[in-house]
Amino acid sequence: MEKRLPREKLIEMYRKMLRIRHFEDRIYRLFLSGTMPGTIHLSQGQEAIAVGVCANLSKDDIITGTHRSHGEALAKGVSMKSLMAELFARSNGCCKGKGGSMHVGDIDVGMLPAIAIVGGGIPVATGIALAFKMKRLDRVAVSFFGDGASNEGAFHEAINMGAIWDLPVIYVCENNLYGASTHVSKVMKLKDIANRAFSYGIPGVVVDGNDVVAVYEVARKAIDRARKGEGPTLIECKTYHIGGHSRSDPRQYRDKEEEKRWLAKDPIPRMKKKLIATNILSSEKSENIEAAIEKEIDEAIKFAQSSPSPKPEDALRDVFA
Amino acid sequence: MYLLKVKENKLRNLTVAEALREAIREEMRRDESVFCIGEDIGIKGGWGGAFTVTLGLSEEFGHERILDTPISELGIAGIAVGAALAGMRPIADVEYGDFIFLAMDQLINNAAKLRYMSAGKLKVPMVMRIPVGASGRGAQHAQSLESYFVHVPGLKVVCPSNAYDAKGLLKTAIRDDNPVMFFEHKLLYGAKGRREGIDARGEVPEEEYLLPFGVAEIKREGEDVTVVATLRMVYAALSAAEELEKRGISVEVIDPRTLTPLDLETILKSVHKTNRLIIVHEDNLTGGWGAELATRVTSEAFDWLDVPVTRIAAPDTPVPFAPIMENYFVPNSEDIVRTAASVLGKS
Amino acid sequence: MEKRLPREKLIEMYRKMLRIRHFEDRIYRLFLSGTMPGTIHLSQGQEAIAVGVCANLSKDDIITGTHRSHGEALAKGVSMKSLMAELFARSNGCCKGKGGSMHVGDIDVGMLPAIAIVGGGIPVATGIALAFKMKRLDRVAVSFFGDGASNEGAFHEAINMGAIWDLPVIYVCENNLYGASTHVSKVMKLKDIANRAFSYGIPGVVVDGNDVVAVYEVARKAIDRARKGEGPTLIECKTYHIGGHSRSDPRQYRDKEEEKRWLAKDPIPRMKKKLIATNILSSEKSENIEAAIEKEIDEAIKFAQSSPSPKPEDALRDVFA
Amino acid sequence: MYLLKVKENKLRNLTVAEALREAIREEMRRDESVFCIGEDIGIKGGWGGAFTVTLGLSEEFGHERILDTPISELGIAGIAVGAALAGMRPIADVEYGDFIFLAMDQLINNAAKLRYMSAGKLKVPMVMRIPVGASGRGAQHAQSLESYFVHVPGLKVVCPSNAYDAKGLLKTAIRDDNPVMFFEHKLLYGAKGRREGIDARGEVPEEEYLLPFGVAEIKREGEDVTVVATLRMVYAALSAAEELEKRGISVEVIDPRTLTPLDLETILKSVHKTNRLIIVHEDNLTGGWGAELATRVTSEAFDWLDVPVTRIAAPDTPVPFAPIMENYFVPNSEDIVRTAASVLGKS
């Protein structure tokens, strides 16, 4: 498959995954050191999904995220500086400090403030797609959500509505095997969430969520289909979140064998290995990429930390238009 | 644009349902981004929603803009939020207000907050039409719900009591850039069903008009006591006022028309004159919007009030089915007469 | 199939269907004449479902109904007098006039006051089944609901939970092709709602909902399965409501061909014909049955109309235990 | 059974989370029909719910009685209603109160109404545990929600502010035959996370005790002004009272502990003495329960009040993320000090 994609695209997807990884590694440390307020949910291990899907989108397409959306935000084009400033609760954060880690987003690049009510973004993305269709715009909406979200009523109602109206919306389920501490096998009997698509009469596809090219390809097809007016697709990306649910999660509820198996599938080393094996990436180039990312992160942190805080009374603004 | 007084326009006598329909039709003609979404609103051979408001509109605007949905209230609300965010102006509805509890998450966590969470980058111009009030259908098709929404920052709350207000306020709601909860009382639609309805028809000009939010209407001037009421209770207040006049008590009746924003000024001015305030709503007493209004008025007009603000509201029970109990449950003009007399020490 | 069932059972099921039909025919007239308050949703044409399912249940099993549950109430054993009195808003109605047509039920015979929020009874029935399981009782819960209800989030969440815990609950979808004025084909893409069972890993069965014996058999299997601890079944009964949605519905949204096709399948004449053809029912016996039913209805109306109304202040009672 | 004063019992210092856990454990041991249902509450190696309240309980009671669910709030609430109707006593929870909007239909249309609809034949003995309050997590994990439920006939509303009350009230809630909405403030659990929490620990006797609903506690006696506060605001009120004492102002602080039923009597008695009332809640101002209390007190104590009842509450906005804004949003002791001084004409 990789062969069909230009080298630059492959390297770019690799770089974008790595950028998310380093970004999250760093904020995790900032968070643990107490420098960063609030709570965080990291997506290490799931970067291939955000990157593979968003590589098919333009700024005008709109995505909805969840409590775990730093990766989607970076992949969709939210500037790292404004993202970092948001996490630091600064007034030039992407939500001016009103959002925080669970609500990152910037409509200027096509991402709503992430919706942290599990499943809550699915109807909203469906409504966005409805607007696109009514306005005859060649745009798609993408809703990212987890395995756990697929047990919410919102999932059922919204996908059914997206389906009956053939809306240009893609439902991307990041099945990382857990909703918080709860293993997916405890809370649903079917093996592939993608098969829930059947209830709505739309295609459901399972893809290796740790293979960015596979995700890219599957998303591309679904998005093409949606743009052609043929309606939504439910894509289930099988993946794993390396760091667990949130903050400093000791992950004692996880089976160690399972963890090991999945860590071996980490999408980033996997992609790197492939790129090197196919001579697309040299180790020099690889180091340059890492260095550039580190530099960008340093700068973003510097930017954020030197940014002003909102004024207390700013709390009163932005309620009504 | 706002037309507060009707002058030389041609007037027609419309029911509330007709007035609402006309508002929707005019706004849909004016602005392509306006559309309706809800259950059974546009089905050919159907009813135009539970209360005929959208009857015939799908013939003019097609089924894409009068969009029939599955029975999925959370979905409807969430889709309206999304469509609004992406530049449309949805008018969503639930067939009976009681079903709105299924959509609360989308309305409160998303519609009311996304602008704030985005620090002002987004807007959510949507209208949610919510029929309320007891009408002989039992506990799950009868509630008055305004008070829940008065408590939600980021939502506007509108309660028209007659055809003229209904049209003018709905047009304003549709053009408003914020989520507007638009409450319609089932017995005021003017549908011709059996045992249904008060005549809430009214003169509606042919010329276009809009009514601003936050402007109360003094329905009747008076000197002795102020009665603030909304929706169906406006009629109870007006007939109580007539009765009280016979007894020599002069009542000022005010319909705030919108609860968020609220025209406190007009109410305070009235209380300054009458020194007595009675608030009437069909919503349950405890935690109802009457408490908020009473508290605000008391706080501003403490020295003018001769007696504490009195509330007349439905008791703190679900809505009973049997008409004899339902009638007891819903406040009526006799309750107001009795209370007014007692407030004036004349009972 | 019929052969396996004793003649008495067959006649009894026929009688029960007829009883529901006559009851509803009569209250419809009372309603139209203005004698009866409120609103009504009739189930003419769907009687085979209530009767076929409930014939498998004992008083201790519990059902939840909907806005359209006179039939279920009679089938489950709510006394006709108390049902009639409820519709007349009298103080000896099954809910003492607090419920009305949309909330008929009597827990003493295993029926909750019907829940008129579409889909709202599905989680409640699931919870009842959970209680049965936790208490190790040999009882089942049955939730009746419509095709329209299957698009509600409540359907999705509750059936998934019933499934993962193998609860003794049967989900009976009465697919009468319409949710109010909306044809089922407009609001879902899949043909058989029973197939939504797949999303939850439980069996889904389609049955001719106008054939009381077929319903009986399918329900029996599902109920046996549930009692054995093997979990829920989703049963979709294909049917049609002769009179349309509610009150005096002109039914202009219905296709006349469709109507004709379905009226020909009316479960009551169909059963009668079979019973007569197989010599189980004589026309004399048939007339006796009808006469007895008419008498029962007359008495119920007399009872209801001569019953006292609640006191206005009774509105204040029964809020808290 | 109710143990209002602790006498010679052995006392332990427990956090609110520990006290709640103990209440659940005792009731589950006592009564087989009591069980817990919620997300992540019993998973082996997990956290015992979002705030550790059920930690370790599945080891004693097994996973059938500490029942982990899918992420399905409507389902959880509806199943709790059904289980309660069929003779169990579920303790359901949502991880953060904000998610309760997904379950509103089941709570308001079913839990609160089924007894009424059945004319008293049914009862719905369930507890819904609802963590509330701002704690640095942004708009969808922060709301205070008590006021919505105070408005629902048929629901009881409980708001414990410390470990002793939390245990005694939860036990009463579990034994109550009605649906009880049990609000817990996130910053009071006493979890040891960073930046978290006020010390709401307290002496909890070893001997079993229950606290009755509808009995307020006078947390501190005073003469000049009464402050009524719940949950986290009790601490703000107490520290304001200390500060005000230094300025010669004597404050009576009352924690109603339950909002439905409400101990109006204790509050009225206090106002009779102080002639001034300040109500403090973290819930948004407009339409908050403070309005109801203010209206009731004003109506009963109109002649004793020297100044109108004053409310201190969160402003009418969603909850902002940035700590600097969140701190501004949440009422604090300085707000109370300032208001009390002004109410007494000493500002």
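In order of appearance the chains are A, B, C and D, and numbering begins at 1 in each one.
The definition used in the following text is that a residue touches a chain if its C-beta (ideal position, glycine included) is under 8 Å from a C-beta of that chain, and two chains touch if they have at least 3 such contacts.
Every value quoted in this text rests on a predicted model; they were computed, and no experiment measured them.
Among the remaining chains, those touching chain B as well as chain C are A, D. If each chain is reduced to the centroid of its CA atoms, chain B and chain D end up 32 Å from each other.
Each chain gets one centre point, the mean of its Cα atoms, and the points for chain A and chain C are 46 Å apart. Centres computed as Cα averages put chain C at a distance of 41 Å from chain D.
With touch defined as above, residues shared between interfaces to two or more other chains in chain D number as follows: 69-70, 72, 74-75, 98-99, 102, 105, 109, 116-117, 138-140, 153-154, 315-318, 320.
Counting partners per residue, chain C has 95, 97-99, 103, 115, 117, 120, 151-154, 157, 160, 164, 186-188, 319 as the residues that reach two or more other chains. Chain contacts here are complete: no pair of chains fails to touch. On chain D, the positions that touch chain C within their shared complex are 33, 35, 64-65, 67, 69-70, 72, 74-75, 77-88, 90, 105-106, 109-110, 114-123, 125, 153-154, 156, 177-178. Across the complex, chain A meets chain C through its residues 151-157, 160, 163-164, 186-190, 195-196, 198-202. Residues of chain A touching chain B in their complex: 62, 95-99, 103, 105-108, 112-113, 115, 117, 120, 122-132, 134-135, 141, 153-154, 157-158, 160-161, 164-165, 317-321. For chain D in complex with chain A, the touching residues are 39-40, 43-47, 68-75, 95, 98-99, 102, 136-141, 194-195, 315-318, 320-329. Those residues of chain C lying in contact with chain B across their complex are 34, 37-39, 89-90, 95, 97-103, 115-120, 148-149, 151-154, 179-182, 186-188, 251-254, 309-316, 319.
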